[in-house]
Amino acid sequence: MEVEILAFGITRDIVGGSTFKIFLEREATVSALKELLYQKYPKMKQLRSLMIAVDNEYVDEGLELKGQEEIALIPPVSGG
Amino acid sequence: MEVEILAFGITRDIVGGSTFKIFLEREATVSALKELLYQKYPKMKQLRSLMIAVDNEYVDEGLELKGQEEIALIPPVSGG
Amino acid sequence: MIKITEHPLNPEDVTSTVFSNEAGAVNVFIGTVRGTTKNKKVVKLEFETYLNMAIKEIEKIIEAARHKWPIQHMIIHHRVGTLTVGEIAVVIAVSSGHRKEAFAACQYAIDTLKETVPIWKKEVFEDGEEWVSAHP
Amino acid sequence: MIKITEHPLNPEDVTSTVFSNEAGAVNVFIGTVRGTTKNKKVVKLEFETYLNMAIKEIEKIIEAARHKWPIQHMIIHHRVGTLTVGEIAVVIAVSSGHRKEAFAACQYAIDTLKETVPIWKKEVFEDGEEWVSAHP
């Protein structure tokens, strides 16, 4: 399945845009998504951390993605 | 020697004025002054604490008074 | 209670909102743009946010603070967009009956905001730029 | 830097004075008159001070805070005279490079002020009055 992903901060710079599309197996886990991202964008491996948010919530690596969610890359935050 | 003493807060209420005079032996200590005060104004013994300030500084009980200082009674403070 | 905006923040507006006749203490934290970082001169900061999620995460902070301490009110305003040196990035105001809780809740709020709320800042120097905290 | 006055305090004036391009954090404590204490309704508070000594003791607090933490500025304003419920009794503002020091120095300042600075308050209730903390 093709999913659209939101990218913020340094991940937006790495992927070259605020959204991008990626092909995932059906019910791929968040962990599998991160592996794919690291393959496609090796610079993401150098980040201090990379969290995934699904529908505006931080999620665990084991969560299975259905393809209808709002998925976002959350590099280390630095507000305040 | 007769010394004039400033009284603040609840000590002002106890002595009935913002200044009062008291007779002290020459070179009486702060401790001796407090004893005299407790005798003359027993309500001062009920305070949570009673500090003496000499020339705008907290002083120890052993300090000897010369009679020329600015002496003040400092009951428990409660600013803020 | 929560605002994320591109417009300048006004600490007085935030603070005046938390006063209450039942509160004896108000603590306010204001984060401003420092002129230097790691001995480099900062020209400006660019803040961006994942807005809906950021609002949700700030709501969680306020909710958690209410459970941890008997606070009266907590208001959090954060600015995004381009900020120059000296400008205010965040204002957090807390009121409570006694001072200990106001300090603790305010410090908890800014510490947690910096860990969980999806807001990012890029420092722009005279000779380059850098996403803050992105790399180890 | 230090003000003890019978006039209303303005937190905005105090806060704006501590901002600096080298400070990334500002912490402000505001103490207000609570409407109830020990379940009794407060009508008003009467503050008095031993002015010269109070200024000296506040100077010591600021000096000690500067030695303990790398702070930029610390301002302390205290009101005296008659205050009604909700009015501001004290404002302390501190700026520093990083937030931890601003919080620590501000909390130290209000904690120490309440222990050492010769200012006294009398709570006036509907049916009596009491010097705060005078008795055990």
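Labels for the chains are A, B, C and D, by order of writing; each one numbers its residues from 1.
Basically, contacts are C-beta pairs under 8 Å (C-beta built on N, C-alpha and C of every residue); 3 or more make two chains touch, one makes a residue touch a chain.
Predicted model only: the values in this text are computed from it and were never measured.
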Smallest count of steps, each to a touching chain, taking chain B to chain C: 2
Computed distance of Cα centres, chain C from chain A, in Å: 26
Rounded Å distance, chain A centre to chain D centre (Cα mean): 48
Computed distance of Cα centres, chain B from chain A, in Å: 71
Where chain B touches two or more other chains, by residue: 80
Residues of chain C whose C-beta touches two or more other chains: 31, 99, 110
Those chain pairs that satisfy the touch definition: A-C, B-D, C-D
Chain C to chain A touching residues, read off their complex: 31, 47-50, 52-54, 56, 78, 89-90, 110, 113-122, 131-136
Chain D-touching residues of chain C, taken from the complex the two chains share: 11-12, 15, 19-36, 85-86, 97, 99, 102-103, 106-107, 110
Chain A residues touching chain C - in the complex, by the definition given at the top: 6, 8-10, 12-13, 46-48, 53, 56-58, 72, 74-80
